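In order of appearance the chains are A, B, C and D, and numbering begins at 1 in each one.
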């Protein structure tokens, strides 16, 4: 019997005005596991992350985090329990400095975060160093370019000291060297004991990073298992390549 | 373009004017812009006209010496809070200790506390509500007769019409003046033994009277008395026409005496009754203008529109100061205040004598628009001209 | 019963005028995301244009109406092209503030140019009416109602059928989309705003015919237009008609049954409730 | 400039301002009172508008509730001024909590229009309330004590500014700023957005109501239209935005500057003052939409190009 999962998703369904974005998806995430989430565009990956983080409300289904059913718990309370996420379309606080962007995560985040500003900034600097953005700490976030914004997004989530980290395409638009750096960071984070759900399009990266892969297609789970097995699954191949053949 | 040039000229003049000396300055803050500017101008023009005329006649004698009057007027943009601040500034910064008033009861209520606070007199012709005089203030004087009695002569005249109206609808706006009017009118209606079919308060600046008119029509009311503002009454009459509502008589507290109002309505103004505390007749005489008829002509020639009782009331305020300063032989605010309280003279506007609360009493003459002209109908001594009564239906005019 | 019927008729006719007043505001808000506080001042200007054509040139007010629309169209185009376009990407409350500034300036200039005198556009037939059952129906109000509904339908057809109209609707979704229709966004913005101003010009002309005009009527008309636009929703001109009729009827009934001083409580209270419970309007899609 | 330097300057300026009633003429004092109260309004708005990013056009509701709290307590119930202030503040807090909850769910223009409508609703409701003197309003007892009103206003401004300074450096303030910058991102980082917004609204309303209460007793007269004055909303926003929303001293400086300009104008050129006011708004929005605080920060490095850059950045 494996360790009790930290995150357990059962029969999750989300409909938008008649359109089913996610249909009866079930999976779990073990402590210290890196779970890759892949699927073609519009498969419902970001919707899934939003449902878990609480920015969207599920139509039906259950999300259990550390033996607690989340139900209609608001996003901020989930964050305080230890669910951190990044956004695919990056959402920095444009008017704040880079370090203060991250400090928000430290001030709030898991368990309500730091009470004091100075300590939060300290933690923020640590995380910036960790993701390699310390040299731009004093700049306004809106001045950052694409790759740095990705790093900032990651640092903000990390500063929350989450127990589960949901990463929504943090590698999109990066070059190979940058991707390698991010992979290293994610591995290090896992080594600190965090459980991670990664959405990624860069297949090579996700294959080497994930312990397990989950594939969504048209809102349904079509595969769940070891990366090599899953990627050779004919249904997965068809989902990705089917259109090209036809 | 012309307006702009004259404006710039005006600014320059205002900047230069502040330096003259050995004159008696009267201060006022009046609605020269904003929603009340239309009536506010009567006060500015009335004050200016009176001051110029008095100055031309040799000014005011103080202790044997003749001094000229001068006016410092500010625009309060129809904002009562700004008006209060401007009066404080007039008193404290410009050292003006004789104040003239703004238009409208609520503005007077707000600003008269400045006069009371700094113990300088304010003689005003713009507010008639009893709220002004019920606070026991010592420094406020008013030349508009009591709001509660605006409809007194009208209701008296109604009793003598044939056939006399039996049911009355009373409509009033919810501001200080009109609420006072309604309060007084209610008693008058009761005393005259009339039946009140409708007694309704409406919001100041209301533009839709269709529901009220429908109720008037369905109750088949004989007489409609409206206490409100000119814009509301314009809408009321236009909508009465379009809904074919024609009671035997309708009368309005404001509008009817004002030329601008009659012009806006054209023929539709006919048959409307109103009241005025002043008529430009040759029999009304004073020391400076000669008589009210001459004043009317001079005023019209200078400003390009006809004066009504607001303008005459403003003139009376200035005349009251001239008389009081001469009687006191001083411009000391305390002495002038005491002299104002004892005044008893004939002004262009009528006899000025303040009661212990500071208000004068003047009878209201009932007037009616007949063929576009204002005709006096009923005064203290009975009918003056024949009223056109009852009002014909709109399609029979 | 007769009374209720009459008041309902009044409410419907009032509602038609209300709808036209709010139409331009809703268009500009929905498409450009500009909340034009000066909208009432535009209505006021339209009323003056119509008044001077009527009183000065003796033109019938309904013949003057298209000219008033044209004048306001040009004015609106200039205001958007050379002023509002400069601040379109500034923080949100800046556009509110600048239209407030425009409102202040227009109101004061109107007083300087036209004086504070009250004006009415009062053609000889202004007071004529006919009976509909037991209710008296004012003739000009019916025409005004017809014009209001007609213009609304025209706008709706224009937005859904005409190429430029579709470009305008596309702009509401996405700035770049306008380019797909081969129209420069700056021009789409200016044209949309000009269209809104022209509708205000029409509303002003009709307002002058049924009510009175002075430089200060703008403020309360803007507030009313807000209420109607929100209640009806910003999606479609047809929603605005519903909002206008709804508000006209509610105000008339409030005035009849509760008291004339409560009609503002009703209209703005409903506005707040709609915003809270159905922010996309009574007819709009719920989120 | 270090923190000690700022504190020292503020203390000196405060001390100087506090001596005004003993050295200045009555008209300066009364100008001072209205300016200080205006600055309180701008500063209070800064909490909800500047820091939290919710452009409230309904803060005059708080102002009106504060005014009526004092007026009703003093005129109808013969209670002392202090009790009236407290009563008004309680009304404002209740309003912020009850109305804030649903209304603060709206964003952008919808929030602005909803708050604007609330000001209209309150005007309409109060003008039907017997206890508030209906639309004719209430007349308060006269107190000849402008020095007292001045010091009260100054004290209130100091307290409000101190609160803002504290907020700007606190966890709470960081939460508010995060909400302003991106509400959804703030929520997933653990900011209890609803509670924070309502708290900001309530604090803003609390100080605004106190300003209203002081103003009512000072001006001795109050009616619904002046109490819930909609242009007052615009004025406080202009002053805050002109000075720099989301900064500690910007709104105060903005209020002082604009009040001084408009006071001079309304005495010198009277009618044209409001025309000028309109032009100032337009020009300020076009050329310096981020206020004096941003101008001060960036003008030194950018120079006159600052204005052109603002236009370039914000135009279509």
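As a working rule, a contact is a pair of C-beta atoms (placed from the backbone, for glycine too) under 8 Å apart; a residue touches a chain by one contact, two chains touch by 3 or more.
Quick caveat: nothing in here was measured; it's all calculated off a predicted structure.
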Fewest hops from subunit B to subunit C - one hop per pair of touching chains: 1
Farthest chain relative to subunit C (centres taken as mean CA coordinates): A
Between B-D and C-D, the pair with more C-beta contacts: C-D
Euclidean distance of C-alpha centroids - subunit A vs subunit C, Å: 48
Distance from subunit D to subunit C - Cα centre to Cα centre, in angstrom: 31
Interchain centroid distance [CA atoms averaged], subunit B/subunit D, Å: 37
Where subunit A and subunit D are represented by their mean Cα positions, the distance between them in whole Å: 42
Multi-partner residues of subunit A (each touching 2 or more other chains): none
Multi-partner residues of subunit C (at least 2 other chains): 108, 259, 261, 264
For subunit D, residues contacting two or more additional chains: 124, 127, 135, 271-272, 274
Chain-chain contacts as defined at top: A-D, B-C, B-D, C-D
Residues of subunit B defined as touching subunit C within the complex: 3-4, 7, 33-35, 37-38, 41, 174, 200-203, 205-208, 210-212, 214-215, 217-218, 230-231, 234-235, 238-239, 241-244, 260-261, 263-266, 268, 394-395
In the complex, subunit B residues that touch subunit D: 7, 11, 14-15, 32-33, 73-75, 77, 79-82, 84-86, 88-89, 91-93, 106, 109-110, 113, 116-117, 129, 131, 135, 174-176, 179, 203-204
Interfacial residue positions of subunit A with respect to subunit D in the complex: 53-55, 74-80, 84-85, 87, 91-96, 100, 103-105, 107-110, 112-117, 120, 156, 160
Complex interface listing, subunit D residues touching subunit A: 169-171, 174-175, 177-178, 180-182, 184-194, 246
Subunit B contact footprint on subunit D (complex, rising order): 25-28, 30-31, 34, 124, 127, 134-137, 139, 142, 144, 219-221, 223, 226, 229, 266-274
